[in-house]
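What follows is chain A paired twice: with chain B in the first complex and chain C in the second.
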Partner chain A sequence: MWRAILRRVLHALLVLLTVSLLTFGLIMAAPGGPSILLDPDLSPADRARLRQELGLDAPAHIQYLKWAGNAVRGDLGRSLVQKRRVAEMIGERVPATAVLAGAGLLLTLLAGIPLGVAAATRPRSLLDHAATIASGVGVAIPGFWFGIMLIILFAVWLHLLPSAGMYTPGGPQTLADLLRHLVMPTLVLATFSLPQVTLFARASVLETLRQDYVRTARAKGLDERRVLFRHGLRNALIPVLTVIGLLVPRLVGGAVITETVFAWPGMGRLSADAAFGRDYPLIMGITMVVSVVVIVSNLLTDIAYTVVDPRIRLE
Partner chain B sequence: MQTERDDEREEKSQPFGVTRRGFLRAAAAAGAATSCAALWPGSAVAQQPRQGGALRMAIIADPVLNPILTMGIQSTTICKVLYSGLCRPDPVTLEPRPDLAKSWQVSRDGLTWTFMLRDNVTWHDGKPFTGEDVKWTLEERATGKGAWRGPRVVKTVEVVEPHVVRFHLTQPFAPLAVLMGFTQYIGPKHLLEGKDQAEFAEFNKKNPVGTGPFKMKEFVTGQHVTLQANPDYFLGRPYLDTFVFKVVPDVNVQVAQIKTGELDFALIEPQNIAAVKGMPDLKLDVVDYVNHYYIAFQIKNPLFADPRVRLAMIHAVDRQTIVEKVLLGYGTVATGTIPPALGWAYNSTLKPLPYDPQKALALLAEVGWKPGPGGVLMKDGKPFKFTLSVDKGNPAREQTATIAQQFYKRLGMDVTLETMEWAAFASKRWLARDYEAMHMWWITSPDPDQLDYYGTGGANNHPNYSNPEIDKVLLEAQQITDRDRRRQLYHRYQELEMSDPPVATLYYPKEIRVTNAKLVIPPVGYRDALTNSEAWHYTT
Partner chain C sequence: MVWQGVARMFRRNPPAVLSVLFLAALVGMALAAPLLTRYTTEEIDLGRIVEGPGREHWLGTDENGRDVFSRLTYGARVSLSVALAAVAMSISLGSLLGAVSGYFGGPVDHLTMRLTDALLCVPTFFLLLTVLTLFGTSIVNIVLVIGLTSWMGVARLVRGEFLKYRAFEFVIAARALGAGDRRVIFRHVLPQTVPAITVASTLGVALAILTESALSYLGLGVQPPTPSWGNMLSASQSYIWNAPQLAVYPGVLILLTVLAFNALGEGLRDLLDPQRERGRSDR
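Up next is the complex of A and B:
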């Protein structure tokens, strides 16, 4: 058991190292430099001095080692643009990201799994066809367009929901205010993940219900409901766990479009701003944080496997 | 509300006198003259100003609220309201008016400017504002902590008395007062002197202290910056109670928010006008601002070295069509690099060079470019071939570049269009001056001095343009303070441009804003309107 944990920790460190090297390499290779150097009012002398102050004129591997040396001690550096600590800037965005990602995940699971299961148990029914088609549409819809359409419908025409943001500025930050602001971004975020979970659950349940042991259970005289819930579902949901495990990092770090459209102050938007501004420390910091989320989420998925399926052991 | 006594105090301290009442009168006059009335029948004529209310405006990302370090439009936008400069642009004519300085004098040799500062100004934390703050701020900027806007002509700043500062210049410099009113905010020495970057960050985010009409109330990162009225503001309490800058990164959502009433002010592109037309709670405001949009040709490239080639490039493009189709009419075809928004400096006797492809071909023939097989322009066996670069993501610019490309192709040129993401474009093409042709623009301070952009060796002269006669004209005009002489010189400059264009100017687009129908703001570009934010108000 301890060996398994040690192996996982080493594995995780290796992943983080590789990700950091790759990200840094990409940043260095990308054309254009930090946006703060792109100010036309900076004289060439100023620009050179600023580059030197920020350590940007050192060779790439020196810059990387400097960053890594600080990072392992918990110092993720300062944003080139805002001059604030990267850790602090990311930390500020965590609540908003957690709320949106959590809501998206909740909607995805609460709606996706039952829908997928229901569709599988009623193959070729109206529900099955509707779920499959709706899922196809959901995956294909561009989130940007869908978000704007929702805003036009619910905010501009119907005046039912606020168009963007997380809270009403200057207003009391009540739960009700938050929930009203959360509705549309959650729908848009879930548009991509919900269909995936639905289709996956559906396929997995269909596959499971074809297994021999299910046939045996039916032959033994168990009603369909018990067959499904007692015997089939646990096995069917194992692959679905994988999909969920892969969704979490996307919800946390990849909700850029949703956050941009709905002015949601999350990490996705921060990472987009950092990328456009070539804000190296911030880009590295966010990438590391998201990598850690991926690693933890994979670990939790693996643990969940062992809980759901006694045949699987944590290795 | 202003009382008689307030008016008196203001008149005495402002020899160039723009009081709030004066501005309102001027705004009413100007308001009637703008295109407002034509677009929106029955739009609000000057009514009684109302004390109070909140103004919500959009920014696209978090700002840095430090007066020395400002970068990015969202930072300068908010800093114009939080901080003050020595001067400010007049809310109608853009001439420099008193702000922290109540008057100023220039020595005969033009090397010394003496600014008399107001003695009744306090920082938002209650400490008094003095000349020490001015000296410290300018020296911080000069040592390069932040960008110095404009040519570095200030050698030293001397605090003669607590409220008198003297600038010693390296050369006479006429635009100094204008520059002091254009993103040259003064910062609090007592709070920032000797502090390092880390503590600057605290100031920037938690508690920026300025002398402006609004002070910090709340900064929720990623969401909004809310400022509240400064009751001790030296020109009197502003009309508005709060100024809220909401972070709304997407322009379509900004338009949606102005429609739902979640924003009171939004800048829009021509294609968004249809979405807001006819809404009774909104009004459309169209103003000129100081800019020129152009296609630059790299003059170090032998292809474009001859002015006749550049003239041909101007004659080749039907710029009126671009203004109509791309800007939907919200712009003017350009004469040269000085726009009508610069008022006195603009040479209104000049007309834009006409669209004349035959003339273009004739000019090119003079230089040796003749149509070869297939109509392709050839010289010494080589075709006229170049790449036109434009930044990605702005539909108007991309369309303009595409249309220009088509017109050049009609002449027989082989033109490849290159779009590039902004940061890459800015560093690889613009700042590195590594381009053949590039669609760019300048938005400048309200002074016609362009020595930096088009003078030989100018720091921002990316086309590497050089015309000794223009150099002479621009240098003299930069140094002489006499307005009439400057006007003569700039008019001459524009004439000279007509035969040796530094860039192929395209148009001067108008600034289009949609606002709450009851909002009254100065009828100038918003960058300059915000410097007069204490006068913004709602009508009853």
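Up next is the complex of A and C:
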């Protein structure tokens, strides 16, 4: 077990290395260079001096090694645009994104799993059809458009919810205020993941209820509730765990869009700013932090998998 | 005979048939755009800026006084061709890597699958963002990045099929007759995977349309003045207070198109994989 986990960790580190090399390579290959060097007011001499100061005149592999050496020690360098520490800039934005992504994941699980189970236990019922159709629409809806529609409905027409930000500007930063601001972004973030979890949970429960041991349990005379909760669900929900692992990258990617729609002050918007500003250290930093989060969550899912299901071993 | 077949299909899967009809109409509309529209996409009607639907402009005009119907119709050309080209790319790349991986096995397989796993757990949207801002948002670049970041599912699928067929008698027979690896891969095994690939590409088109629209929304997709559904939506967000309809049209079109491609994909899967169909009917 421990050897298997160690191997997974090594594999995860290898993935991180690949991601950093890939992103760095792309940045190096890109034409133009960082935006601050494109300033037309700079004289060629200034530009050369700036390049040297930023270490951009060194060969690519030296630049990478320098960056990687610092990154391993937790130093992600300084932003080219804002001159501040990248780690600090990311640190400021993490809470907002964590709140949003956490709320999205919570809604996905708390609504998706019960809905999927309920649909599967009453196949072809009104609830089952409604859940299946709603999920189909949810997967097909462009998240940002859904967001705009929600804003039109709840902010522009009904004046019920705030259309942007995390807190009311100038007001006290209360939990109630945060929750009001959180409603629409959470709904938008969950539009893609919620249907997937619902459909997956439904399929998995349907499949499990066809198994022989479920028939045995029924034949013993157990009532349907006991069959479902004591025998069926446990096995049916294990595969749902994997889906959650796969959803994390989606949630993080979806946060970029959602945060842009609702002017949510999180990492998603920071990453868009970084990309548009060609802020190389910031791009690298965000990519690495996000990859670590995603890879760690995948790793945890894998390990949780073996804990809840003794039949599965980490290879 | 043909009509009987169509009727049977419709009874079995109405959403899939409706989707085919919708998509056919949409493609027809995109192809016949110059015949259907009375205005070009860039013609500005200064007297009518942000106007509701009317006789002059069927669906009204946008913030620059351009005809919304024309822009939606020409936008369909752009959005559909970007999605189709991107999927063509991801399917070719995924099939090739999957085929080689599944057919040869061993270290080749190991390496390809590790790469696939790695890319699957990277948030590819960040990669898209970085590449498009650094390399520019030409249509070619958009197609390239969507294609290059969406082949992993297909690769796994095709690899699975190759692993399955690798041991079949017809493959062994072909080899015994002296067929080379390339011939066995492309002439014997790959054709067997066509049903699976068809389903994957249909579902892939849906996802590519969504990705393109999301990129356009961030200003990284197809650039104005060329209309795409995504950038029309993006432009409409500044006018939601007085012209919400501008945001509704392209969004509904994207939604319906993605729904149709998904329903078609599901329908094809049932049609091409009777095993699954049986699983469905005895639930």
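In this text, the second predicted complex is superposed on the first by the 299 of 315 C-alpha atoms of A that agree within 3 Å, B and C clash if a C-alpha of one lies under 4 Å from a C-alpha of the other, contacts with A are read in each partner's own complex, and residues count from 1 in each chain.
Simple rule for what comes next: a contact is a pair of C-beta atoms (placed from the backbone, for glycine too) under 8 Å apart; a residue touches a chain by one contact, two chains touch by 3 or more.
Because the structure is a prediction, the values reported are computed rather than measured.
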Touching partner for A:82 - first (chain B), second (chain C), both, neither: first
Which of chain B and chain C A:290 touches, first, second, both or neither: second
Which of chain B and chain C A:156 touches, first, second, both or neither: both
Which of chain B and chain C A:31 touches, first, second, both or neither: both
Which of chain B and chain C A:137 touches, first, second, both or neither: second
Partner chain in contact with A:15 - chain B first, chain C second, else both or neither: second
Chain B versus chain C as contact partner of A:252, first or second or both or neither: second
Touched partner set for A:39, first chain B, second chain C, both or neither: first
Touching partner for A:148 - first (chain B), second (chain C), both, neither: both
Common interface positions of chain A, toward chain B and toward chain C: 30-32, 148, 151-152, 156, 260, 276, 278
Chain A-facing residues of chain B, complex: 54, 56, 61-62, 64, 69, 71-72, 144, 147-150, 152, 197-198, 200-201, 204-205, 218, 220-224, 226, 242, 244, 246-250, 252-253, 256-257, 259-260, 262, 420-428, 430-431, 459-460
Residue ranges of chain C in contact with chain A within the complex: 114-115, 117-118, 120-127, 129-135, 206, 210, 213-214, 217-218, 233, 236-237, 240-241, 244, 247-248, 250-251, 254-255, 258-259, 262-263, 283
Residue numbers on chain A that touch chain B, as the complex places them: 30-33, 35-46, 49-50, 78, 81-85, 89, 92-93, 96, 148, 151-152, 155-156, 159, 162-167, 169-170, 260-263, 265-266, 269-270, 273, 276-278
Complex contacts: residues of chain A adjacent to chain C: 11, 14-15, 18-19, 22-23, 26-27, 30-32, 123-124, 136-137, 139-145, 148-149, 151-152, 156, 206, 210, 246, 249-250, 252-254, 256-257, 260, 271-272, 275-276, 278, 283, 286-287, 290-291, 294-295, 298
